[in-house]
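Each chain gets a letter, A, B, C and D, in the order it is written, and its residues are counted from 1.
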């Protein structure tokens, strides 16, 4: 896995996010992916508020998650996130959830940009596209060290 | 307990609402009270949408819950709900959560009516006040039978 | 769409399930699918409790959702659910979420059966397999009436 | 307000925690209080896991919240938390939720310690009592620096 394009975001499993099986409920991951995506957008594109300020709203049009290991209360998880693709009025995020370097889950979300007022599809604006893609390949100190 | 003023609303404990203690998480009750309140408003005042359609928004300004027994996954709970008080720009709801006639929790919520556009306090409108109070003492078939 | 194999389950969008975009948050659907799956299991296999009583636990190993239309507060949604596949220690559910006959979302979930004590994979027991598959094509009163 | 007894915990409002009124849903606060309480217990008593490891479970028996200002998506909130009282099998936590030094909400939760196996009430153990109370007035590095 190409590590450079991934933005790391940390979450700690809340007690309210567990269920009677004693593990983190599978719906909790959906919220963690969103929190990681928001953090990524803040890092590369000035935050979701900046996007909305320009009259653009991003809708979630799809999600896919594969759960490989259970997470439990108080686990510290790293959600690795990156924008995997962006074109037209659509973009796609990818995620890997890890605990101590061990893979817990993987997933992806699909999004559409719409005009905030009319809710009609609009192209992902160039400035956002550039930000998302720059986020995809940020300057990598470690790779330059190895060159 | 005066049964006549209470409006019954049924909820079934979702698996996602349980926690690693094997019981319904205490935050789940807050959502159940809201669902019961919405159902009560629908029954006595044409629903929350009707209130918003008149430019009124109801904010929640306080909540209080006492948990007496644990609820578990798949429990069918009856949330008894009534508007306990309404005056000026404020109203208050009361709740009793039961399972098979046994008390599980009691609580109350406090609300303020605001103008939907300005978010400034406005008096609970007379029509809503009447509806809330009529909801408080609905026609009781059983009591008329005994008279 | 083959209507007979689908089990209908109704949910009403809670206010707590909406978000600041004014629509039902995309994580809410994950919980609705679970509620529909639990209702289906109750109808065809005596409920999830019966399964656990036999020492079997069902884990969720994957989920996939495509959102086609937004749902809003107080919408009454029908979640059509069926067990799409079951073999070995795995089974798969399929879902269609509708509002007034209009498709709102589609999805699927993947599950694994494990021993409740050891959490090790165990084959989906024959009795459960039979129930799940019988659930897939239940007797249809309306079609028999018309024959 | 006596600042020394309060333990600060930071949360950032998730998008999933907002509702169609455009603000953080009032049930979200219940989860934030819990997260702050868990962080406080980790700081003063080795964490909730340590408590459970000694066979003690802490149940939530009551909650009270007063909402003074709305919080919105992405707000960074400080939850000030302290154990306000502990005696017998019961203890009580107090909370102040702030944003930029401005009070957003206040609240309290009530808890009972039970034997993890039997779920019967047991006294708050002395070691936990001491920890909770020490947490109430922790050593202040800044004040010792000035002495």
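Convention: contacts are C-beta pairs under 8 Å (C-beta built on N, C-alpha and C of every residue); 3 or more make two chains touch, one makes a residue touch a chain.
Note that the coordinates shown come from a computational prediction; the quantities given were computed from them, not determined experimentally.
Q: Within the chain touch network, how many edges lie on the shortest path between chain A and chain D?
A: Counted as steps through touching chains, the separation is 1.
Q: Pick out the pair in B-C, A-B or C-D whose interface repeats that of A-D, meaning over half of the contact pairs match by residue number.
A: So the equivalent interface, with over half the same contact pairs, is B-C.
Q: Quick check on chain A against chain B: do more than half of the interface residue numbers occur in both copies, making it same, or fewer, making it different?
A: Mostly the same residues.
Q: Most remote chain relative to chain C, going by C-alpha centroids?
A: Relative to chain C, the chain with the farthest C-alpha centre is D.
Q: Determine the centre-to-centre distance between chain A and chain C, using the mean Cα coordinates as centres, and give it in whole Å.
A: 26
Q: What's the distance between the Cα centroids of chain A and chain B, rounded to whole Å?
A: Each chain's C-alpha centroid was found; their separation is 37 Å.
Q: Going by the contact rule already set, what residues in chain B reach two or more other chains?
A: In chain B, the residues touching two or more other chains are 15-16, 27, 30-31, 34, 73.
Q: With touch defined as at the start, can you tell me which chain B residues reach chain C in the complex?
A: Residue positions touching the partner: 14-16, 30-31, 34-35, 38, 47-49, 73-74.
Q: Going by the contact rule set out above, which residues of chain C touch chain A in the complex?
A: Those in contact with chain A are residues 21, 26-27, 30-31, 34, 57, 59-67, 70.
Q: Which residues of chain D touch chain C in their complex?
A: 15-16, 18-20, 22-23, 25, 27, 72-73
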